[in-house]
Each structure stands twice: as structure tokens, then as C-alpha cells.
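Order as written gives the chain letters A, B and C; numbering starts at 1 within each chain.
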Amino acid sequence: MLRHALLALLQSDVPGLPEHRVANMFNPLASPGASEKEIALLTFAVTGAIFVVVAGLIVFAMWRFRRKPGDDERQEPPQVYGSNQIEVAWTVIPILIVFVLIGVSARVIVGVENASPPPATVKLTLVGHQWWWEVDYPEFKVHTANEIHVPVAHNGSHATYLTLESADVIHSFWAPQLAGKVDLIPNRQNFTWIDPSEPGVYFGNCAEYCGTQHANMLLRVIAQEPADFNRWAAAEAKPAVDDPEMAAAKAMYQSLSCVNCHTIRGTSSRGTFGPDLTHLMSRETIGAGVLTNTHEHLRAWVDDPQESKPGSLMPSMKLTDRELNQVVAYLETLK
Amino acid sequence: MANEEILTVDALTLERHWTLPDRGKVGIVFLIITESVLFSMFVAAYLIYLGKSLVGPYPKDVLDVPILATICLLSSSLTVYLAEHALSKNELGRFKFWWIVTICLGLEFLMATGLEWKKLIYEDHLTISTNLFGTTFYSLVGLHASHVTVGMIFLLVVLAVTLMGFPIQTQFRRVLFLSWYWHFVDAVWVVVFTVVYIIGR
Amino acid sequence: MASIDYPLDRPRQEEEAHSFSESLYSWVATVDHKRLGLMYVVSALIFLVIAGIMALVIRMQLMFPDGHVVGPDTFDRLFTMHGTTMVFLVGMPMVAGFSNYLVPLMIGARDMAFPRLNAFGFWIFLFGGLLLYFSYIGGGGLGGAGSAPDVGWFAYAPLTSKAFSRGAATDYWALGILVSGAGSIASAINVIATTISLRCPGMTLSKMPMFVWVMLVDSWLILIALPPLSAAQIMLLMDRQLGANFFDTRAGGSAVLWQHLFWIFGHPEVYILIFPAFAILSEVIPIFSRKPLFGKPAMVGAVVAIGFISLGVWAHHMFAIGMTAWSNTFFAAASMLVGVPTGIKIFNWTATMYGGRIRYSVPMMFCCGFLLHFLVAGLTGIMLAVAPFDWQLHDSYFVVAHFHFTLIGGLVFALMAGMYYWFPKVSGRLLSEKLGKWSFWLLVVGFNMTFIPLHFVGFLGMPRRIYTYTADRGWNTINFVASIGALIQAVAIACFAWNVLYSLKKGEHAGDDPWDAWTLEWATTSPPPEYNFEKLPVVRSGRPLWDLKHPHDPDWKYE
């Protein structure tokens, strides 16, 4: 038990990184998020002022002009039909307020959407699947899933540019502390960029309903210091660990139809329907964040994914205990 | 007291001179408006997907301009006007003549559409599922043809009851509104024709 | 005496006993706008309870993290059916019900322009709704897949394609709503023809009650906004059943096309839904403030402006799909602009109260609730219109909180005001003030308890339409409180239902004009006879009953 717990701790490629599980958009740690927070605060100020004034007037009118006990029932108050000056006033003032908001919004929209990439940019392609994320870094020859490693951006360099695509339905990439959301739409390429200013694990969710397990298509954006990121990328680019002692377990794995859906680079497992497993054990979680990557969880997942993620497109292969043990043992070598 | 008297006199005058538009006219006009919006959506889809089909057949390969059918349908607007005009003057014989001509012209249009589709499906192998052109073509032209068909059914009903002796001139208003619907269907064809056979080819 | 029958409290005529089948037939075969209007409203209320129960189950599932009340499939069907039912089977029939019942009475007519079309509209609406619900039984399709639709009320492609939505569930969604929509179009044409062609002598358009004006513009909006939805649903059915490629990305089709078509309908739709609230407030607030509606011409202008502008803001639902900066800016600007005429209306209602002598009967209490809630809703709407802010808020619980503020805090409160106000006219009996006040306060507390906190989980990253969440995201307390609020809302609605059922039998008799009002529906009995008025009225101002009650100071002296 203890050994497993220690292993679980050490398995994490990101020991010591602060986790931002509560993804508060008002605590941004990247520029897009920061400019969105700024405009949010301005909007709060404007709408807050409007609320105080108008609600105040409404409540004042409700209280001041209520019928009082001594009032004569049959006497009607002065019948006022309207006032052109007042109508003009409370048309013009809101229009002016709206123009201010439009101007500010336009500036931020252009700033975020039309930003040109700063130097030393890392480029990755994120492809949405039902219900997991495919992550591809063409320049680094890294192909992984679900946990998105990016370098911390220092002084405007090492920002990360994401190309967003979808393999099936519409998904949406949303890590609130980093940036606003952008959709992943089939047959279309969208773009977004983030420049995390601090190392950490930033949590997020798929933010466009994409079917049964939309709730469990979780995001972890792992921002590391550039040196750590490069080390990670170099490790990920290598083909799968091939431990000669695990030959039998590997053979068992390759004899099953897992190979039709999953890729393990350097082996005959070349399916692309499911996540790449080449460095499965470098990930903190499995099932796109639904389970932590422990021995028990991994075993339970391979045995029957429907238990933890009902509706998931990975079927239970109905393995015998022996087959299951060997497969899990093999997977656990894929560091 | 003085106020009440004035009110009564005003009221009587008002009642005598109070005329508002015919409710049937309003109804048919707004039906036409809402149907126009519906057609616009399919026209928009056609235009958006023009040139975007990933596989053939393509419009210029398979579309023949339906000149005769168009002439028939557009003339039927004229003939239906002549029919309804005759009815407004109680000339039943002339009404029946032009009404039948309208029906024949409409039938010709529908038959021509059917033949065109037969050719496209069986010879050119273009179906609604073949490509974007097939999808947008059959849905737009089909939507129009279905409206022609509905109009045709009503035209035939009017013809049937007239031939069976019903005094159709007592329903002149409704015949007029039906003719407006028929004009609408023709106007839509002008748009569809332009978009599909002129712009689209 | 002027040619209008002054309302007198006439003794109620004893009803002849009818057999059950005679009664049933008279309701099923009716073309009377009052009966059809009532049937629309009653159907809407029944669907409200059904969809409300769905909401309760949703809130119970989300009350705690890792909830196990229902599984993901059931949850997805619940939120889809809850949204679809509330918009199409509660909101739309309320529009039709209120306008069909009240418009002829308010303009001094005997019925709508097309009574048989009216009946057709009602029954096809009901049929469409039943077809949608039949999906629970019939949605099985091949291999037993599918049941009720589970694609969300706005049913984005390509999730709705045959590949990702197996079984017939999505087909029932598209077909049921398509059919039901035909009823809305019929009703809209009817309202327009009625207001244009059947006004009583003297009632020029400017003298038409504000309620009728709002319903007229609403009907225009329906005629223009519903066809894009129908077109989209026809296209979807063609894709699913005939292999068409409208939204098939593998054939080059566009998933975004669905979004454009849907929201070209969807945004005006929310104004279509809220207009009855505007209409009701414009009648109730003046009566209980004892003053005419402030700035009626400006109010008419504002309603028309809202109608127009609302047709041009749809892509604010699509800020996250990657449109160009110019497109995003345009739609942000237009969306903020539509807040201006809406604000003008709030100001005018407040100005109506200002200087008045406000009587806080239950209808007025609900109106005040509307004003404050709708103000909040409008302001959170401005927040959503600011596109960069929306990039965070879109598809989060902030949006859910915003639109429930407009729909419950706004529309439901206003509909309650309208029901408490006109229930006496429809039934001849008053609803209990005491039960009414209980239901009001319970609804205020429960509603705010649920939806104010939900704004904040939106800020904390909670997306919409998730069937569960883990305990470490910071969403636990808020969801718990929101779910308690839902239970309180349920009690409020139950209170209202009890009030209705009780008062129908034991309520105080209302007489023709219990509220001392000024529009024509109060100039006939409660309930009105089938022919509405003994003699069709002739009017000379926008407040004909005010003129009768104040012959030395009639409105037409000032108009």
C-alpha cells in the first residue's frame, strides 16, 4: 500500500508544482486572462454604477409613493403622461455609456485575437475527441494526450500557440486562469495563445457540451520552467521504454485489440482512435482527468472503463485476471 | 353633461366612417412574409455552399436551364390574374377558362421539375446525399416545388367546386388571396432560378 | 349614455348542468379565443410543472460533488428536455395564450380574425409537444439506442448527426418542435390580422393598449424569427434521414451553419418570450400606481427598436467559435445597443410608479420583483455582450444564472402578475391575496438563493451541462445552496397551484372590474360572455374606462 502511494507521488512528472484546481478567472496568470479580467472589472464598475442608480430609483419609488393608510381611496394622483426631455435624456446617456463600452471591448478583442506571436513560441495542436484531448507538438515530435505541458513565459518569450481542431463534435478549450475559451470545431482551425507567468498546474474543462462524458473531459495545463519543459519534451519524444523483462507482458498487450485504438511508439500498437500511451506513466491522471494514475485506478480502468466513465468510447475488453495483470504491468513500464 | 353629448355624436360619426384593412389580406400578406424568410434560409445555404462541394457532379456539368418550365410558371401568374379579374366582373366563363390554363401551366412546371430530377438522379447520379450541391439543390428546388404543389391543390379544389356548381363569385376574396399566394410562388421561382441556374452555374 | 356598456355588477347566471361529454366536446371543438387562450395557458402551466420537476432532479444531482442521483445519460436528457420544454412548451404557449385571450377583449372585438386557425394553432402546438415527449417511449430506434433527446436545447451539429446521436431521439426533437412551431406562426398571423383589422371604432393604433402593441411587435418577431429555426430543423432532418450534407463536415458542410441559423432564431426568440412580460407590466403597473403608463409613444418606439435590433445580435452566442475581430466587435456593439431601449422601458415603468399612489396587491408585488430582477438580468447581459468578458463567461454557469434571471426573475414573475391580475376576469373569482403573498415571498427567496450564487461558480470555471463535478474545484457550497433554493421555489409554485385550485371553487367573487382598471376587458362580465360585449364599444382615448369614470377629466382632452 505504502509502496503504491509512494509510487503514485513519484510517478507525477510534476512534483512540487502548485495546483490551481479552483480556476478563478479573477486570478489570471497569463496575459489573455489578465486583459479579460481588466475589462471585466471595468464592466463591473459601469454596470454596478447603473445598478445602484436605477435600483435605487426603483426602490425609492416603491417606498415613497406607496398608498398610505390615511389616503382617500377615490382620489387619483396627478395623471402624468410623459415628458419628452426626460425620454431624450435617458436615451442619450445610456447610448453614450454603450459607446464607451464598445470602444474598450473593440480594443481588447483586437488585442487578444490579432496578437502576433512573440519570439521563442512553442506551437502545439490540440485535437478534441469524445472525451479526451489529443496534444501534438510537431516541432518537438511529441504526441501525447490530455495533459498539456507548456513552458512558463518569461518577459514575453516562450508563449504557447495552440491550434485547435476537432475529430468529431464541437469541444471548447477553457482554462480560466490562462485565457478565455475557444471552441474546437470539426473541419475548422481555431487559434489561441497563452503565456503562463508562473509554474503550476492549471485546471480547466471542456466547455462545449459534447455528449455523455462532457463533464469528465478535464484539462490540465502544466506550465513548467523552460528547462524543465524541454526535458519533458525530450523524454516524450523518445519511443516507448522496452524492458526486456516485460517481454511477455508486452506480447500479451500486443495480442489484444488495444493496439487498434492506441499508439505506443516503437511497437506495433498504432491505433489513433484513443490516446497515445507511449509515455502513459508520465501523466498524473487517466481518462482525461477522471482518475488519478495509480495502480488501482489503472487496473480498474483497463478492466472496465464504463465503471468510472460510463458512456466512454473505450469498451471493457473482458480480460481475464491473468491478461489484465500482464497488460497493466506492461503499461506501467511506459514512463 | 356637455362632454357626454359631444362624445355620443363623435361615436356615431366614428362608427360610420371606421374602415380597417380586410383581415384576409393581412393574413395572406403576413403568411407570404414568413414564407419568404423560410425560403431565404435555403437560398442562403445554397449560396454559402456554392463551389464548396468536395466531389462532383457540379452544377455546370449537369444543370440545363429550364426555360420552358420557367416561361410556363411565370405566365401562369398572368393567367391567374386574368382569371381573378374576370371573376371580379362576374364573368364566370372567362374565369373558368383562365383558371384551367393556370392549372395546366402549373402542372407543366411540376412535370418538368420531375423530369429534370429523374435525369439528375438516374443519369447524372446526383442525389441529396451526393455532395453539397445535391443537398442544397434538392432542398431549395424541392421546397419551392412543394409550395407549387400546395398551391396546385388549392387551385384544383377551386376548380372542382366551381365545376360542381358552387357560386365561386361569392368567395371572390378567397380566390384573390389564393392568386396572391400563386404570385408569391412565382416570385420565389424568379429568385431560385437566378440563384441556381444563373449565378450557380 | 355613450355607446359602451358601463360595467355593473350583474348577478351571475346559474349555469345549466352539462353532461361531461357535452362539456368535453365544447372544449375540444371550440374556436372561442377565450377558451383557446385558457387552454394555451393551462397547457403551459402543466409543462412548467413537468420541466420544473426535471430542474429539481438536476439540482439534486448537482447538490453534492460526485452526485449519484442520476447517471450522465439521464442527466443529459433532463437538461435537454428541461430547456426545450420551458422555451417551446411553456414560453411560447404563454405568448399565444395571453395574446389570444386578451387582445380581442382589449380592442373591443368579438373574437380573433381567424377563429378556426386559432384552434388549429393550439392543437398543433399540443401535438408537437406530445410528439416531443413521445420520444421517451419511441426514441429507441435501432439497437435500443436513444430515448428522449439529449443534445441540449440548442442541439449543436454535429453532435446531432446520425453518427453521434443514435436512435430517433434527435428526430423527435426536430420534428416535435417543427410541428409545434407551426402553431406559433398561426397564432402570430392571427394576432397581426386581429390588431390591424378588428379594432373597434375610434381605436386608432395610437389608442391601442400597450399590451396589444407589444403583442403585435411580438407577432412580427415570431414571423421573422421562427422560419430560420424551421429551416435548420428541416435541414437537420434531411441530414439524418436522407443523407443530406448541410452540417456534415466530412462532405464539406459546416457545423457553424447550424449555429448561425439556430441563433438567428434563438436570439429574437428570447425577446419573443419576454415581450408578454413587458405587455403585462405595461398594464398592471399603471393600474396599481393609479397613473397612466409614462411615455407611451416612447414605450412603443422602444419595443419596436428592441424588435429590430434583436434580429442583428445573434452571434453573441458564438463569440468563442473563432470569428474575426470585426465580427466579434459588431455583435458585441449591437448586443450592448439593444440594452438601451430595454433600459428605457424600465425607466418608464419606474416613472409610472413615481408620483403615484401604489397599492401593493399581489400583481404589483410581482411587477416590482420583475423590475429589480430584470435590471440585474439586463446588466449581466451587458457583461456577456462585452466579448472578451464573454470569452470567460460563455457556456459557464454565469450564462445559466443570467438567463434564469431573465426567464424566472423576469418572465415568470411577470406572468404571475398577469395571472393574478386577470384570473378574476377569466374565472369570476379573486385569487387569495394571502396565498399569493406567500407564493411571492417564497419565490423571491428561493429564486435568488438558487441563481445569485450560480453567477459565481461561473467565475470559478464551472461549465454548463456537466452531470457532476469533483470536490476540489471550489464549487461545492454554491451548488448546495442553489439546490436548497430550488426546493423553496418548488414550494412557491405549489403554493400558487393550490391558490388557483382553491380559488376556482372558493375564491371571493370578483365582479366585472375588481381592480378599478381602464381598458376594455374590464367593461364586460367576469368571465366575459362568449360574444365578449353586448354592444361593440366606441372609444375616444387609450383609457376608455377612465373616460367613463372621470367624465369631467377624460383622457381624450390630453391626447
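The rule we apply is simple: a residue touches a chain if its C-beta (ideal position, glycine included) is under 8 Å from a C-beta of that chain, and two chains touch if they have at least 3 such contacts.
Small disclaimer: the values here were computed from a predicted structure and weren't measured.
Novice: Have a look at which chains touch which and call the overall pattern line, ring, star, complete or other.
Specialist: line
Novice: Going by C-alpha centres, which chain is most central here?
Specialist: C
Novice: Per the centroid of Cα atoms for each chain, what is the distance between chain A and chain C, given in Å?
Specialist: Averaging C-alpha atoms per chain gives centres 35 Å apart.
Novice: Quick check: how many Å separate the C-alpha centres of chain A and chain B?
Specialist: 52
Novice: Hey, how far is the Cα centre of chain B from the one of chain C, in Å?
Specialist: One centre to the other, that is 33 Å.
Novice: Going by the contact rule already set, what residues in chain C reach two or more other chains?
Specialist: Residues 252-254 of chain C each touch two or more of the other chains.
Novice: Under the stated contact criterion, what part of chain B meets chain C in this complex?
Specialist: 3-4, 7-8, 10-12, 14-15, 18, 20-24, 26-27, 30-31, 33-35, 37-38, 40-42, 45, 48-49, 52-54, 127-129, 131-132, 134-136, 138-139, 143
Novice: Write out the stretch or stretches of chain A touching chain C in their complex.
Specialist: Chain A residues touching chain C: 21-26, 32-33, 35-36, 39-40, 43-44, 46-47, 50-51, 54-55, 57-59, 61-62, 65-67, 71, 75-83, 86-87, 90-91, 94-95, 98, 101-102, 104-106, 108-110, 112-114, 130, 164, 168-170, 172, 174, 176, 179-183, 185-188, 190-191, 203-215, 310-311.
Novice: Spell out the residues on chain C that touch chain B in their complex, using ranges where they run on.
Specialist: For chain C paired with chain B, touching residues are 1-3, 113-114, 117, 185, 188-190, 192-194, 196-199, 201-202, 223-224, 226-228, 230-232, 234-235, 238, 242-246, 251-254, 257, 261, 538, 540, 547, 551-552, 554.
Novice: List the residues on chain C that touch chain A in their complex, please.
Specialist: It is residues 71-73, 76, 150-152, 156, 158-159, 164, 249-250, 252-256, 289-292, 294-298, 320-322, 324-325, 328-329, 332-333, 336-337, 339-340, 343-344, 346-348, 350-351, 353-360, 368, 371-372, 375-376, 379-380, 382-383, 385-392, 394-396, 459-469, 472-474, 550, 553, 555, 558 of chain C that touch chain A.
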